[in-house]
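There are structures below to look over.
In what follows, chain A forms one complex with chain B and a second complex with chain C.
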Partner chain A sequence: MSESAVYMYALARSDGWQPTSLRGVDDQPVRTVSTGPLSCIVSTVSLDQFGEQALQRNLEDLAWLERTARQHDAIVHACASRTTVMPLRMATICADDDSVRSRLTGMADQVVETLAQLEGRDEWGVKVFAGESPSADSRPRPPRTSGTAYLQQLRDQRARIGDSVEAAARDAEVIFAALRDRAVLAHRHRPQDGRLTGDARTMVLNAAFLVDREEAAKFHDAVAELSGSRPAGSVVLTGPWPPYSFTTGVDR
Partner chain B sequence: MSELSTGHDGATLADVLERVLDKGLVIAGDIRVNLLDIELLTIKIRLLVASVDKAREMGIDWWEHDPSLSSGERDLAEENRALRSRIAALQSSRPQEAPADEQVR
Partner chain C sequence: MNPATEVMPPSGSTSLVDLLDRLLGAGIVLSGDITIALADVDLVTIKLRALLTTVQEDDR
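Take a look at the complex of A and B:
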C-alpha cells in the first residue's frame, strides 16, 4: 500500500467489544484506536483513494460513492449490533493513529455521556408517502378523439393528487406525534425529493426515532396500527439503524 | 391503499446516503473534503445514472411513466403534438394578434 491514512467509522467505549473479522472501506482490517475511556473504530486506507484530491474525485463517482457509503454503513451497523456506538460522518480521515487519539482527547466526557444515552437503543426510520404513484393504471386514458376531455381529466387528476397530499400530510402529523410518544427521541429529516428517491409519490414525512431495543416490537405494532388507521399515507419503516440521526451536532 | 413495508428492503440508497453523509458525528479530520450538500449531491447522482438496469435496480423508472419516452404512449404524445399545432393555428388566425399589415378585416 502506498501512503496511508486512518478512516474513522464510529466512537465507542474502550472497555467494549473489539472488531476482529471486519474489512474496511479499503479492504484493510477494521480495528480500534483507544485513549482513556474512548475507542475509535478505524481502518487503514490508501491516500491513492482517500487523499484530499482523490476523495473529491471519488465522491463524484456514483459507483464509488454507493459502494463506500454502503460499506461505511455495514461496518457501523456490524459494530452497533455488538456495542454502543456513535457513528461518524462518512469520510472522516486522520493522518495516523496519534492524530485519531488527539481528536478523542478532550471530547471524552461528552461522548461517554452520549453513549450512555444511546445504550440499548436503535434508530428506526419512518417515511410517509402520499397515496399511490400516478402509475400506469391510474393515469387518465383519454378517448383518442377528445383533447378537451383529456385536459379535463388531467386537471381532475392534479386536484386529486393535491387533495391526497394534504390528507397524507395531516395523517403524517398524527403518525409523527403518536410515534414520538413511544420513542426516547424523535427527529424529522427533510422529506426526500422524488428526484432522489425515484419514487413518484410525494414524501410527506421523513422521521427518525430512537427506540429502546426492548420496546421495538411495541413500536412496530404502533407503526402498523397507525398505518392501518391513517389510510391517506403509505408508511415505510426502515431499521434498525445505528443512531446516525441522534449523534449530530456534537463537536461541530 | 395504505401499505406497510418493513425491514432493510425499505432502506434505499437515498436513506443510506442521507445518514452517512448528512448525519453522524462531525469531527474535523486531517483530510479535508468538501462534502456537498446532500441534496445537491444526490440529485447529481440521479442525473449521473446512465444504466437503465442500474436505475431500475435503484427504483428509478420515471421514464416509463413519461408519455414521450414510453413506447406504449406514443399515440398520446402524437395527440399532444396535434393539439399544440391546432392551438398554434387557432392563435395565428385570431385577428387581434395578426400583424396590422396582414389584417384583412
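Take a look at the complex of A and C:
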C-alpha cells in the first residue's frame, strides 16, 4: 500500500461493541481508535484514492461516489446495529491515528451526551410527493376544436398541477407537525430535485425523524394514518437509518 | 399499511440521493487533515446534479 491516511466513519463509546470482521471503503479492516470514553470507527485508506487531489477527482466520478457512499453506509449500519453511533460526514479523513485521537480529545463530554440521546433510537425518513405524476392519458388531446380551446386546456392542466402541489405542501406541513410530536427529534432535508431522483412528482417534504426503537411500529401506524387522511400528498417512508440527520452540532 | 404509503426495503434499494442527503448533508462535520471541496456540500451537489442530468440525457 502506498502512503496511507485514516478514514473515519462514526463515533461510539469505547466501552461498547467493537467491530472485528468488517472491511472499509478501501478494503482494509475496520477498527477503532480510542481515547478516554470515546472510540472512532475507522479504516486505513490509501492517499492514491483518498488524498486531497484524488478525492476532488473521485467525488465527481458517480460510480466511485456511489460505491464509496454505499460502503460507508454499510459499515455505519453494521456498527449501528450493535452499538450506538454518531455518524460522521462521508470522507472525513485524518493523517494518522494520533490525529484522530487529538480530535476526540476535547469533544468527549458533548459526544457522550449526544450518544446517550441516540441510544435505542433510529432515524426514519418521510418524503411527501405531490400526487401522482400526470400520465400520458391525462394530457390534453390534440386540438379537435380550435387552437384556442387546446391552449385553454393546457392552461387548466397546469393550474391543476400547481393547485395539487400547493395542496400537497399544506398536507406535508400537517404530516410533519404530527410526526414531530411522535418523534424525539425531527429534521428537514431540502426536498430532492426530480432531476436527481428521476421522479416526475414534486417533492414537498424530505424529513427525518429520530424515533425510539420500541415506538417504531406506532410511528409507522401514524405515517400510514396520516397518509390516508391527507390524500393530496403521497408518502414514502424509508429506514431504519443510523442517526445520520441527528448528529450535527459538534465542531461546527 | 395504507396503499398510498410506500415502504422502502431497509437495504439494497436505498436511493443514492437519500443516502447522499445524509452522508453529505448531515453527520458531524469534523475538520479532518485532508480538507477538500466536500466542506462545501453545495459544490458537490451542483456537480452531481450536472453529472446526473448528463447521465439522464444520455439514457434518452
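Please note the rule applied: the second predicted complex is superposed on the first by the 243 of 252 C-alpha atoms of A that agree within 3 Å, B and C clash if a C-alpha of one lies under 4 Å from a C-alpha of the other, contacts with A are read in each partner's own complex, and residues count from 1 in each chain.
Heads up, the rule we're going with is that contacts are C-beta pairs under 8 Å (C-beta built on N, C-alpha and C of every residue); 3 or more make two chains touch, one makes a residue touch a chain.
Computed from a predicted model, the values in this text were never measured in an experiment.
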Checklist entry - With the two structures laid over each other on chain A, which partner does A:M86 touch: chain B (first), chain C (second), both, or neither? => result both
Checklist entry - Which partner does A:Y150 reach: the first (chain B), the second (chain C), both, or neither? => result first
Item to check | First (chain B), second (chain C), both or neither touched by A:H72 | outcome: both
Checklist entry - So, A:G131: does it touch chain B (first), chain C (second), both, or neither? => result first
Checklist entry - Does chain B (first) or chain C (second) touch A:E52, or do both, or does neither? => result both
Next on the checklist: With both complexes superposed on chain A, which partner does A:A200 reach: first (chain B), second (chain C), both or neither?
Outcome noted: first
Checklist entry - Residue overlap on chain A between the chain B contact set and the chain C contact set? => result 5, 8, 11, 50-52, 55-56, 59-60, 62, 65-66, 69-70, 72-73, 86-95, 99, 103, 125, 189-190, 192-193, 195-198, 220, 223-224, 227-228, 231, 234-239, 241, 244-245, 247-248, 250-252
Item to check | Residues of chain A defined as touching chain B within the complex | outcome: 5, 8, 11, 50-52, 55-56, 59-60, 62, 65-66, 69-70, 72-73, 76, 86-95, 99, 103, 125, 127, 131-136, 139, 142, 144, 147, 150, 189-190, 192-193, 195-200, 220, 223-224, 227-228, 230-239, 241, 244-245, 247-248, 250-252
Next on the checklist: Applying the document's contact rule, which stretches of chain C touch chain A when the two form their complex?
Outcome noted: 1-2, 4-8, 10-11, 14-38, 44, 47-49, 51-53, 55-56
Checklist outcome for this item: Within the complex, chain A is touched by chain B residues 1-8, 10-27, 29-36, 39, 41-46, 48-49, 55, 58-62, 64-65, 75-76, 79, 82-83, 86
Item to check | Touching residues on chain A, where the partner in the complex is chain C | outcome: 5, 8, 11, 50-52, 55-56, 59-60, 62, 65-66, 69-70, 72-73, 77, 86-95, 99, 103, 125, 187, 189-190, 192-193, 195-198, 206, 208, 220, 223-225, 227-228, 231, 234-241, 244-252
